[in-house]
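The same subunit A turns up in both complexes below, where it pairs with subunit B and then with subunit C.
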Partner chain A sequence: MNARVHLLALAAALAALAIVALYLKRSEVYLLTLWAVYVMATMGLNLTAGYAGQMSLGQAAFFGIGAYLAAILLKLGWPFLAVLPVAALVCFVVGLALGFPALRVQHHYLAFATLGFNVLVYLAMRNEEQITGGTFGISGIPRPTFLGIDLGGHVAYWYWTLGSLVVLGGILWWLLRSPWGRAFAALRDNPIRAESLGVNITAYTLLAFAIGAAFAGVGGVYYASLVEFIEPGPFHFSTSLMMLLAVIVGGSGKFYGPALGTAIVILLPEFLRGSSTPWLKFMQVWYLAVFGIAVVALMIWLPGGLLSIRERLDRKGGPQ
Partner chain B sequence: MSAAGPSHGDNAGKAFLEVREVRKHYGAIKAVDGVSFKVGPGEIVGVIGPNGSGKTTLFNSILGQIRPTSGSVEFCGEDITAMSPLELSRRGVGRTFQTLQVFGQLPVRDNLIVAAQEFQGSLPGRLFAAPDAGLGERADRMIELFRLKHVAQLPAGRLSYGQQKLIDIAMAFMPNPRLVLLDEPCAGVNPSLVDQLRELLVELNRSQGGSFVVIEHNMDFIMKLCPHVICMVEGKVLSEGKPADVQANPAVLEAYLGN
Partner chain C sequence: MAEKIIEFDRVVAGYSPSLTILNETTLDARKGEITLLIGPNGAGKSTVLKTLFGFLTPRSGEVRFEGRRINGKPPRELLAEGLAYVPQGRNLFPSLTVRHNLELGGFTLPRAEVPARIDEVLQRFPRIRERLDNQASTMSGGEQKQLEIGRALLLRPRVLLIDEPSIGLSPILVRDVMALLRSLADAGTTVLMVEQNVRTALKYSNRALVLEMGRLALDRPASELLGDPDLNRLFLGAGSAKAHPAPA
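Up next, the complex of A and B:
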């Protein structure tokens, strides 16, 4: 796809997302916004795991750190746009620290190290009641205003989140097109060769974690303001698993993979749950079973995720 | 080709490798046992020897992949013993591996660019650099030289073994290194490509002026390419000198063919 067609297709998709919100129910717009918020986090995870090849099961922890920071600071009266860089920076620094185990261990060992980190953060959220409100959480998180425009309405907040997602996507696109993006891919494909060619694998490994974490932190800020009440539950490591699944199902290392994967993994069940159409009601009951089988089938036939279907078809065309 | 690689500093043109009494022992096994040799600027040195004679272990000891048990390695007057591959790459020392080592999911052209981009500017600076880090033309010239133009935009991992081997070697030369250690460049390469590979190495030696150390089992290739050959057996240097002299040495013949 050339650049112009790509841009046109993207603009059309964004316009459709913007217009459709005017005709959807309040709860459905909420779900769309939830999707965009999760995509912010899974986009970051796609950089860490998909582009740089560093397995992470701790993304929900950063999402949570961002959300709690937002809840606390917004309630203290901080402006939303001041909270964003703070959340991004804090998650970047914590992400750097989490990157250190990746310098020692890889693959499933790294997955467990990051999972342990998620459990730790979750326990802190649950037990540090004075800061986090413990299991009671923090309620009454305000939604922002921007240039005097109140973004408290569900459609207004959807536009605000969608616009922010586009900006974040643009930043990631630019980063991946820079020499850094190529170095991340080299780190993923062959770290030993990369190092022999001057790629500082220590720096890029840490950066992959830190930048991925910063994206999740930003997502967490939007999440807190969307749901207006947070408690530790949504930041459990099972959310990290779902985020990783979203990246893999959509297409790990594919730019639009997280958007597609998040829609399928996180959004679809919510839509099905809210539907009253008879056959969809059947799906509500059997959703998890069908989903489980579909994921197994996908991993067998399309291990690169749904967006790798073209490569799969190209390969069937014969050897190069 | 213009210099695009690591800083050559004040020692440019004085590329010089000196390996002194390098040993690598694994318990009672003496994989490398007191090997010494020198490589002059622009020189091509061949390393031959039967399987298990310690050639690759010697390479890995020189290149920081493993720490030698004893001995030292000096490059341009600097002690580089046990330096990391990253530090060595910054000093202009490159290598290829015995097995294919390309970045499988990256297109061929990106494989070549990434091989040199980390020597361009600083780490933060590269975030804001042009997507090709200013190396597009250089990569295209290398693609031309290695006759890879028709596959330049394809992921390297999808190409044939021979094509990947060419990419692998081209990558090592992208940063314009002062010294390249090539570990069996002809392994698994079809005979028609072997001659092409030799011509390419001669051309790169002429145009870039770097020194090469080449491990190879293909005697014809090594005899034609290298003016100086070292034969290793059981971790030691058995014979050293002009290719014809080494080849005629009865001890070398015995090592290869047995009594």
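Up next, the complex of A and C:
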């Protein structure tokens, strides 16, 4: 796809997302916003795991750190736009620290190291009641205003989140097309070869974690303001698994993979559950089983994710 | 005799404290020559290149480049000093395009310099220019090897270390790659090569160093060794190197 067609398709998709919100119910706009918020985190995870090849099962921890920072600082009266860089920076620094195990271990060992980190953060959120409110959480998290415009309404907040997602996507697009992006891909494909070309694999491994974590932290800030009440549950390691699933289902290492995968993982079950179409009514009970079977089938037939379908078709059409 | 540009002086190195591969290895490579490292499996040929390029730190002894000690220097610094390394096997990043693979070759250069350097390399490899926007994995084996070498040349190295460039290539392509290395050496680049395809490689090399058990067993002009009826035994490590010992 050439650049102009790509931009036109993207603009059309964004326009459709903006217009459709005007005709949706409040709960549906909420779900769309939740999708956008999770895409921020899964975009970061796609950088860490998809582009740089560093397996991580700790993304929900950064999402949670961002959310709790937002909850605390917004309630203290900080402006939303001041909270964003703080959350990004804190998650970046913690992400750097989490990157250190990746210098020693890889693949499933690294997955367990990051999972352990997620469990630790989750326990801190549950037990440090003075700061996090423990299992009672933090309520009354305000939504922002921007240039005097109140973004408290569900549609206004959706536009705010969608606009922010576009900005974040633009940053990631730029990053991936810079020499940094090539270095991440080289790190994933073959670290030794990358090092022989002068790529500092220590620095880029740490950066892959840190930048991915910063994206999740920013997502967490939007999440806290969206739900207006947070408790540790959404930041359990099962959310990290869900995020990784979204990246893989959409297409790991593909720019739009997280957006598509998160739509499948977040929106599809809700669509199936809420379906009132007669022949889909059984989904109200069976939606999770159907979703699970669909994911298993997808991983068998399209292990590269939904966005790899064209590559698979090309391979089928080519010489065997 | 050309001046020594690479020197190993009683170097001991290996992959773990209990696994020593280079056992007080002493050898050299000379400016503008192709020096061929041969020997049986496990003799330490690839380990010489890895130690030279900073992937392994010598436990003792000294590695010198243009007279300067480079023990333990990281690859980034050695690239900047004028060494380049093409490891064994497929070295491209298959998910990236040919252009992006080349850009990675100039990763340590200022960004503005990279396009001109790529253009310089493409003048030498016109076939690669035709494939610039293709994914690297779609290239043939010979094209991939050309791209690997071209990418290594992007930094205009004074010394090119290359490990088994003929692996996976047809005989015609092997000759093409060897001729390319010969032309590089004739233009002044020193080449230190490990190669299993000994007879072909000897035809294009100036010197051959035979390693056995991590020590230099033989140092002879390549043309002389090519005519040696004992070549197969030497290469397989049958011990006849004692008949033609390396100079002290």
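Structural remarks
Following the convention adopted for this analysis, the second predicted complex is superposed on the first by the 311 of 320 C-alpha atoms of A that agree within 3 Å, B and C clash if a C-alpha of one lies under 4 Å from a C-alpha of the other, contacts with A are read in each partner's own complex, and residues count from 1 in each chain.
Convention: contacts are C-beta pairs under 8 Å (C-beta built on N, C-alpha and C of every residue); 3 or more make two chains touch, one makes a residue touch a chain.
On a predicted model such as this, the values are computed, not experimentally measured, just so you know.
Superposition of the two complexes onto subunit A shows a clash between subunit B and subunit C. In the overlay built on the shared chain, the residue A:Q130 is in contact with neither subunit B nor subunit C. When the two complexes are overlaid on their common chain A, residue A:G253 makes contact with subunit B and with subunit C alike. In the superposition on chain A, contact is made by A:L175 with subunit B only, not with subunit C.
When both complexes are overlaid on chain A, the residue A:A186 reaches subunit B and subunit C alike. In the superposition on chain A, A:L197 makes contact with both subunit B and subunit C.
Residue by residue along subunit A, subunit B and subunit C are tallied for touches, and B comes out ahead.
In the superposed model, A:N2 makes contact with neither subunit B nor subunit C.
Overlap of the subunit B and subunit C contact sets on subunit A: residues 179, 182-183, 185-186, 188-190, 192-200, 253. Across the interface of their complex, subunit C is touched by residues 179, 182-183, 185-186, 188-190, 192-200, 253 of subunit A.
By the touch rule above, subunit C contacts subunit A in their complex via residues 53, 55, 75-76, 79-80, 85-87, 91, 93-96, 100, 103-105, 107-108, 111, 151.
Against subunit A, in their complex, subunit B makes its touches with residues 6, 63, 65, 84-86, 88-90, 94-95, 97, 101-106, 110, 113-120, 123, 126-129, 131, 133, 151, 154, 157-160, 171-172, 174-175.
Against subunit B, in their complex, subunit A makes its touches with residues 175, 177-180, 182-183, 185-186, 188-190, 192-201, 203, 253, 315, 319-320.
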